[in-house]
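I have placed the structure first, in the form of structure tokens, so that the comments after it can refer back to it.
Labels run A, B, C, D, E and F following the written order; every chain starts at residue 1.
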């Protein structure tokens, strides 16, 4: 169960509205690497966590914090959308030439044309669960496999991409309020990158996992192909990296560089199509007109078997 | 530019058709963590790579291999869909009671009802760019930020989730052909997990990156919040992990456990809505009927400014 | 079956093209609360209506009208996209300073950059089944449950949101043609809000439904929780409303304000994961390596049963 | 900011696993009318609420409760997926004939074929943010316009459809644990239908809104069309309802039944296409080959204007 | 404007319910090649048609007919979902062994597990705007470019795929009612394939188009590459076709078979990333820490220009 | 298996960056008619091709070429995004008045506001698998039915729409580099239109197919409706075309123009809803409260049958 505290985790209002920046900031709310993704990813991982309580609690504590991050950003977007054109107009007016132009036709076009139109028409100056081009957040953005090593690596990836985007957005504004606000979120993402790295270490020191996850893969995989780098191009620039020579990172093999890889498999011989599906066969003679009787695809297969097994 | 070799990278045909398994195997083709995802992710990362040639080549070599993995799986799906009901029927027929039932109504229902109907109606027994519930692959499944540390972590995450799924599918069949085939793919995924771990090491030893990416985050973030774990729940199981105490993984701080976190921000005071948008304001008196004149939202803002700046 | 009348239900051409407004007007065509939604919602509700003929006819009459509304808006969009830059240019040319700028580089950038690029590249100046950010209409936008009270409430919601958006768009233009055109659509939406309210009354006076739908919910629900308001936050502003005290709207209970709600359920004890799925268990000892044999997940479950039932 | 309580709001475990039912129950988690929808809808409405504090608190209290409902259902799904085939097998084994069949090939096919394959392959027996056919929840499922009357009607619609689905799922199982669990949720949905009806009353008694929202629509709409019902079909069953006669529900007009509606608009005369877009014009003569020069669509429009304005 | 006739264009009820077949038949309603696609494609093409009236009328007449086809199929689905399990049960009961099993546990599992669960939970036994795996129809399924030759080819493609699917579904049932019903739809699709072929001929004989559309492509394209077939694989099976030799179909060139194609372009030299975006550059030395000042990405670009242009 | 050649198939760099054009060019990469669509469509058709080797090779050769087209366009987008604002600024600076304005506030707004924000925030100046409004490419964009005539028609449609878009984009720029680059792609699309037309001829001359596909449709369809044009509107402009009279294109019938079409089917009588689903029936008396017992929908159906069959 969850409880709400009316105070925000952190908040600094913007010094002025900026509807174009509001559009961009949506990426951190509803983008594939935004706060809704980490919120939902950690909550679903936590709800499905069957491992030790400390990991479950870690996931749910962090997921709960992320709900508040969506709240912080939604509040910021509402402020950025407040009477934006007025403020932007004032700034333009200080420069005589620019002001003349902006007092005419132009600022209306620039701002009203380039902002996210749904911020006016649909949400009435509120945030939306969508990204910076208006594409809605969706459930395929999250990952929760039940295997904590795989999932913590997914969390590290999400925090790395997300922090990258937060930093880019930090540098795309010079509003001190927005920067102060993002500064808090950047700190929290810094913690979260550290935290998932720590949790990955802990999982291994607790004896749950090795380098390659899941462990059983080492047993199932064909070992002769498990440490080869295939150079599938002309030129061998890829031979220069750590992945091309020396002991493998999991310590169970030696990296091998295959400079001129050859296909190991055959040329495929696709099975002929069922006549009932009217796909094109190898020759017209094989394209028997399916009979006009009542049998369907599976029934006719059953008939064939009956004849065979007589 | 790309070239095609008619031979498959590796292939072992299934010993018998199995349309239900074909449906499941689609997860490895078009699922969010499937081969289309890694193929497209590595190709787009490679095409946008501005770093050293060895990394660009690494990405494009691996992306090119993954096109062939989609091809291998698509070929496998075509074989699994070939006359499936017949074979399944034969197996049932060996057991007298089961055979009696399966020679009647039942196998048609089970197989024809539970297979992916689009494998018959739409693709004519062919693979589709969709996952195991028929949801189509889409471009939001991939990540390519230009920052190689962030992107290699995304690749490690994709290979960890993908290998997990390949292993689960390996254990969901006892067909020796399918198992042999997956055995090759599991080996390649093992290599790829090793490879991205090696590339992460290399990026750091080459001097491009530190632990937290991007580096500048350390400068922008509020340091007092950058190493705190907030315990946003009753109970303190989350205090038991590596993330709650000791030096941070990036070596730049000390983890701190905040047992009873308090909101730092204010209670939000949302700005009042523009009357033109007919959202509900704080009091009815503030809900002035917008005038019936011709001005739009931005125009009226411009007018306001003009009056102010007179 | 349907018939088409070449005349539009209503139409006033715009006085000048405006491709930016055309982009915004797409919200009323293909947005989640647009005309395609009500058209499809009423038609599917009508086709699935098993209630009295008057309701079925009501749904299909209104759904049929809405096809014509999509047609009206598609025609308007085609006019708004016609040679738009020329007209916009003329207006700018009247003001000497603005004209100088607009005769140079700028208007091309503003208009061509901010319009929906698919209106040029894809549709050749025609309307598209998408919303104001170019996201396509989809079938999950509609609701048709077969329960007419639930569905009429959905219709009332759709007409309320849709009329709100039409009014916002009305105020975002000062083109008399567009305003006259929208004026007709606003009137029809006014009728439709009235109409669904009337149909809700009628359903109840006909004896089909009570306040809460479906009626059986009163029997199935735990009555002790059916009229409580849980105050899941610090502070009690929510105690001030009608929902916190007095008789419930359905007349079957008394609203009760629970100021400090307590969880009624237990701390969850998630079941341990199946070893075959390689999820992380409570302790490493429980993480038995799944055997390398041929059995899949369900087969091994069947084996377990066989042993138990011996 | 949010806090998590480890205890669930309410929970009764299922008496036995049932992976098919787990698939169906996903509708209440990630379906368009499921708990993720109401959770996100109320939170975003609350974060964007600029009206009186009691409404904002109402929205956020209820949205916070709904996060816990997603948690309850996710926990239930994990239990339903636990070792399901074993239990189902045991039940079949009690009936000798069925048991014989089920001990053979069949139950594996039925259960493993018809369950959501992602519950095994992707989530490792955990819940997913998707509906009963595996389609992911997405942000277009929610509505938050800032106008509280429109939004409360949307909330009433969501609770009506959602309660309908919960009741249907209640009747689709006879597991006493699941039924007890749903019984709690049905009660809460009963409260929520009552609550939004109460809030609609309160908004009107507070003086914010009238029957038709937004109020200004009455002023903007063409009054002669605002109370007409158009009978767009042969036959007049639709004349029998409350919507066809008498005073309109908003009290501002009289319903009028238009038995044989006639189009009021003209036959459209679509504008001719820009030659640069190569769409088909009215006659081949109008299909001038666009010149091969460097000008683009907007530039050529600008040139035209320059010639005109010379 | 549109009118509705209460009679269906054609209809034969199924002889018995079949919820599994209802699930499959959804492909013809809401699949990417289903009736909603052709309905919307022809209507949007017609609404945007600026060519001769006969083409516009052709499009709208056919689009209007397709609305009725969706209606026919939606009605069929409602009948197929009616009390389905009862009928299926009766059939099973006639065979003693099957009947014993089906009177036990099994038919519930087969039917209830494999039908589309939303047909019960969401639509209450009604059709939905979705395909056979429950994926919703969406606006990206249609094409309407304004160029009638391109669009008529799209229509021919849609009718070819759609008729293929209708024939497959015809053969997947032996219900005489369903077959009679589909027989009508197959005839209409036969007409529509003929019709679009006729319209393609007519467009060319009317002087609007040549073989390759749009005509101007012949002028813009590099002619030396416009008739070459590139053999991008080992082996030359592709040399055996009409496309590899002889006059091109448009009569403007000679097909040429390039057996060993060589890349004409250079090895790409990607531009170095902007330091503000923190992407990985060619060497660490180029990865200057972006300054901590207030300038954003575009501002700093402007500064650079100012220095250059001093 | 696939191999990569580091050289691009063809490439000319743009003479200057242009981020707005980069946004538009995304349509050719990830739009529904873009290069990712033809790449995936031809590859999946090839992998599923069971016809003669020449067709399979044709498909895979062309699909392989298209991977390289995505690569070419991705490289172009990276160049167009490189330091774009600087160049655009320089151009503006040459005109004194424009320069004054552009040296102020404006160019930042125009360019930074209207470019695709994800090109900065998400991809770090790289291409994305999305279209010109940022909507992601998805697997439902492709068609691969196994019937080669239907599929080659789909390919002709894709190349016709794609070439149209390439020509429109060619005319939307005057950058000689971009034009030269597109000139190559336009030539290849010209070849591909010719090629699929040739392949359609070849399929028929090889004896696989007739005009209407699949052939069996002629046998299954009701012949009396297979050549009628239904004039579903007032007015008879549609009577003037080739489709309204003369021999049908398939040579098997005569086109017939039905000027006043009448519905052939009945008024639908929808089956009454199952009481368990709480949909609204024809009269309240039929709306029996479903019993509160434990039976689900299918179980109660089974009970009914048992009573009937006693």
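Just so it is clear, contacts are C-beta pairs under 8 Å (C-beta built on N, C-alpha and C of every residue); 3 or more make two chains touch, one makes a residue touch a chain.
The UniProt protein names, listed by chain, are A, B, C, D, E, F = Manganese containing catalase.
What you are looking at is a predicted structure, and each value in this text was computed from that prediction instead of being measured.
In summary, the chains found to touch both chain D and chain E are A, B, C, F.
Homomeric contact chain E/chain F: same residue numbering on both sides for over half of the interface positions.
Simply put, of A-D and A-B, more C-beta pairs touch at A-B.
Rotation relating chain C to chain E, from a C-alpha superposition: 180°, rounded in steps of 5.
Taking each chain's centre as the mean of its C-alpha atoms, chain B lies 25 Å from chain E.
Our note on geometry: chain A versus chain E, Cα centroid distance of 27 Å, whole angstroms. Residue positions 1-9, 33, 47-48, 55, 57, 60-61, 64-65, 75, 78, 97, 101, 106, 110-114, 120, 122, 124-125, 133-136, 138, 140, 145-147, 149, 164-165, 167-168, 172, 213-214, 216, 220, 232-233, 235, 263, 265, 268, 270-271, 273, 277-279, 290, 296-297, 299 of chain E each touch two or more of the other chains.
Viewed as a contact network, the protein chains are fully connected, with every chain touching every other. Considering their complex, residues 1-6, 47-52, 55, 97, 100-101, 104-106, 109-110, 112-114, 116-118, 120-122, 124, 133-136, 145-149, 203, 206-209, 213-216, 219-220 of chain C touch chain F.
The touching residues of chain E, when paired with chain B in their complex, are 20, 23-24, 27, 31, 33, 91-92, 95, 97-98, 101-102, 106, 110-111, 113-115, 131-135, 165, 168-169, 172, 232-235, 263, 265, 268, 270-273, 277-284, 287, 289-290, 292. Those residues of chain E that touch chain C in the complex are listed here as 1-9, 30, 40, 43-44, 47-48, 57, 60-61, 64-65, 67-68, 70-71, 74-75, 78, 122-130, 136-140, 142, 144-147. Put simply, chain A touches chain E in their complex at residues 164, 167-168, 171-174, 176, 179, 276-278, 290, 294-297, 299.
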